[in-house]
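Below are two complexes that have chain A in common, paired first with chain B and then with chain C.
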Partner chain A sequence: MEIKIVKQILEWNEDVSDAVKATLSEKKVCLVNVMGSPGAGKTSLITDIINRLRDTLRIGVIEGDIAGAIDADKIDKMGIPVVQLQTDGACHIEAMSIQHMLSFFDLENIDVLFVENIGNLVCPAEFNIGEDFRVAILSVPEGDDKVEKYPLMFATTDALVMNKYDMLPYFEFDDKRVEQNVLDLNGKAKVFRVSTKTGEGAAEFASWLSERIAVKIKS
Partner chain B sequence: MEIKIVKQILEWNEDVSDAVKATLSEKKVCLVNVMGSPGAGKTSLITDIINRLRDTLRIGVIEGDIAGAIDADKIDKMGIPVVQLQTDGACHIEAMSIQHMLSFFDLENIDVLFVENIGNLVCPAEFNIGEDFRVAILSVPEGDDKVEKYPLMFATTDALVMNKYDMLPYFEFDDKRVEQNVLDLNGKAKVFRVSTKTGEGAAEFASWLSERIAVKIKS
Partner chain C sequence: MHELAITEGIIEAAVPEAERHGAKKILEIRLKIGELSGVLPECIQEYFNIASRGTIAEGARLSVEKIPITIRCNACGYDGEIPKRKIHCPVCDSAEIKLLSGREYYVDSLEVE
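Up next is the complex of A and B:
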């Protein structure tokens, strides 16, 4: 019985996701869905990207959290348009929420909207939110078995950012195992080794990201 | 509409949770629900506890994973009865699954069953599984804002284990902030600072755990 109910919600979500895509295509806005565990570094990656790309792209952010507005406050202090979505207990963001929130942005003056999804390696991967592409973050302290344990997240992502890469000496983490696991699931995924703390690898990721965004907004 | 559906599932789950509790009370088996993010150290904490308590308690383990049996293999190699629950995509364990799985254990010869829930700070907290008490793990690399962001998990736990405590010098993590956040939500929670790698704090946690288990199995 439960499986049937979940399917109904997912089908409904797909329709709304398509509607969000259509709106954003018309406005030439690229939507990036950023996902990962609690504490993997989603906000740190987004703020790093803002600093690197804000001179060439007009950026907006939707911050998803179950409660509070800690991350939205950080983005707001950078002078970037941000809206906080509080899911009030829900473990993922649905397309319907994004559809409602688009009206809070001046889409004529936005090139890319980053959505920071709820910290969760499971449920967010099941729900399209109208995104052009997905970025999954896995941080070194989480361990190198996570792709095998949470396959859907990594099978559906366009890029994997291995974050906190500067912590590699302190944890048993075989980064080649992780890369191979991801490529086995998903040959198209691009893998990056990044530390948002030291800056290692971040320019390379930003460069890939801006190329992907350019494809959308110039189409 | 979605909220209504979730409530129906939760109510059904509560009935089954009560049935699991009744069965385990009759058999004098204590059920411990271990929760935390992917990579927080749930398996490491359980294997540490097995090593510390296996001479005085008869232990069994239910390993919950979306896919695979990596953790169950580790427990099996220790000679401990273990059953793998694969949720096949679901983000949490429900009481119905535990009810089915009890038949795989010789409950007359078990004092405590640990359930390692799916790595997720959100959904598992919403579902009682017949547990006597809950242990939530938060690891230092995840960051000190997680109690504010994922309140239900920490509001409903009996113990918080701050794991990877040996990593404190390498991360900005205010352990007193975390402790205060938890106590604000949940005055009855006991807070432990543990490193399953170095062993720091683990004996203290094991001692608390064995006292809690003894209350149940001698009742």
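Up next is the complex of A and C:
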């Protein structure tokens, strides 16, 4: 006997993602999902952004890692509310985890929550976590073929940050190819060339980010 | 790695539905997966064999039908399939498009006894 069922496999994740979105909309908190490989500079970008925007926005951070609390300790030392989410082996963050984490924040006093996803170009892209928008980071040493190899991550992002841009002279990295690949997949993505070490390009990214955040929290 | 989460999702979608129809055993679970989803059916079957133990889905075969990526272009009105590499309108090259299919991930039907 055949039974027709038509049921989304990740339906529960989508439902929870919508619930997170609704909670945050009510509190006027913007959620930003930051994704990229291990070592691409996700934490460095977030700390750089905190320094640039902390005078104008109330910021919180959810640090996702498979194990440990190294990144959360860094953020905590900056005096920013942070919660470490340990996935205990899992390759991505699910909306359910974010829903649990929200209770650790005083949402009345937060404008933007950055979620640093697990370092991975594959799995995190499959799971919505209630975010308002996504930022993907690709660093110069990783190579300029990554957009072609991991299309979903870059097809679903709102911004691509090419980090460690100061390293460009030392690597075979064609930044125009990367930009074109991203725009081919996703014509609406904004592309930024940034070095969190020298500060190059970071102000431009921060200004785009604060405009996007303002749209949400003033809505 | 997230194949385990997906496998559990498949079992949660299939088993209660089969039981509701009075099935004793699930023989086959037919999935429809969009070309834009990055999951390996072979891995899912392996996880599934473990995760389904002791349920009526134990021993079931997973079959996958891939769904192509289709769009509607807001600029020129093109409606149809596009290749995976370039998510643009193949006619006018506009990026102002609406994705109609390609991100699906669902259990379509079951074969039970």
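Rule of thumb we're sticking to: the second predicted complex is superposed on the first by the 210 of 219 C-alpha atoms of A that agree within 3 Å, B and C clash if a C-alpha of one lies under 4 Å from a C-alpha of the other, contacts with A are read in each partner's own complex, and residues count from 1 in each chain.
We adopt the following convention: a contact is a pair of C-beta atoms (placed from the backbone, for glycine too) under 8 Å apart; a residue touches a chain by one contact, two chains touch by 3 or more.
Keep in mind that what you see is a predicted model, and the values were worked out from it rather than measured.
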{"item": "Which superposed partner A:V122 touches (first chain B, second chain C, both, neither)", "value": "both"}
{"item": "Which superposed partner A:A155 touches (first chain B, second chain C, both, neither)", "value": "second"}
{"item": "Partner chain in contact with A:F104 - chain B first, chain C second, else both or neither", "value": "neither"}
{"item": "Touched partner set for A:L183, first chain B, second chain C, both or neither", "value": "second"}
{"item": "Touching partner for A:C91 - first (chain B), second (chain C), both, neither", "value": "both"}
{"item": "Which of chain B and chain C A:G143 touches, first, second, both or neither", "value": "first"}
{"item": "First (chain B), second (chain C), both or neither touched by A:D65", "value": "first"}
{"item": "Common interface positions of chain A, toward chain B and toward chain C", "value": "2, 5, 9, 89-91, 122-123, 126, 148, 151-152"}
{"item": "Residue ranges of chain B touching chain A (in the complex, touch as defined)", "value": "2, 5, 9, 37-39, 65-68, 70, 89-91, 118-123, 126, 139, 141-143, 145-146, 148-152, 164, 167, 170"}
{"item": "Residues of chain A that touch chain C when the two form their complex", "value": "1-12, 89-92, 94, 122-123, 125-127, 148, 151-152, 155, 183-188"}
{"item": "Of all residues in chain C, those that touch chain A in their complex", "value": "1-2, 5-6, 9-10, 12-14, 17-18, 21, 23, 31, 36-39, 84-88, 94-97, 105-113"}
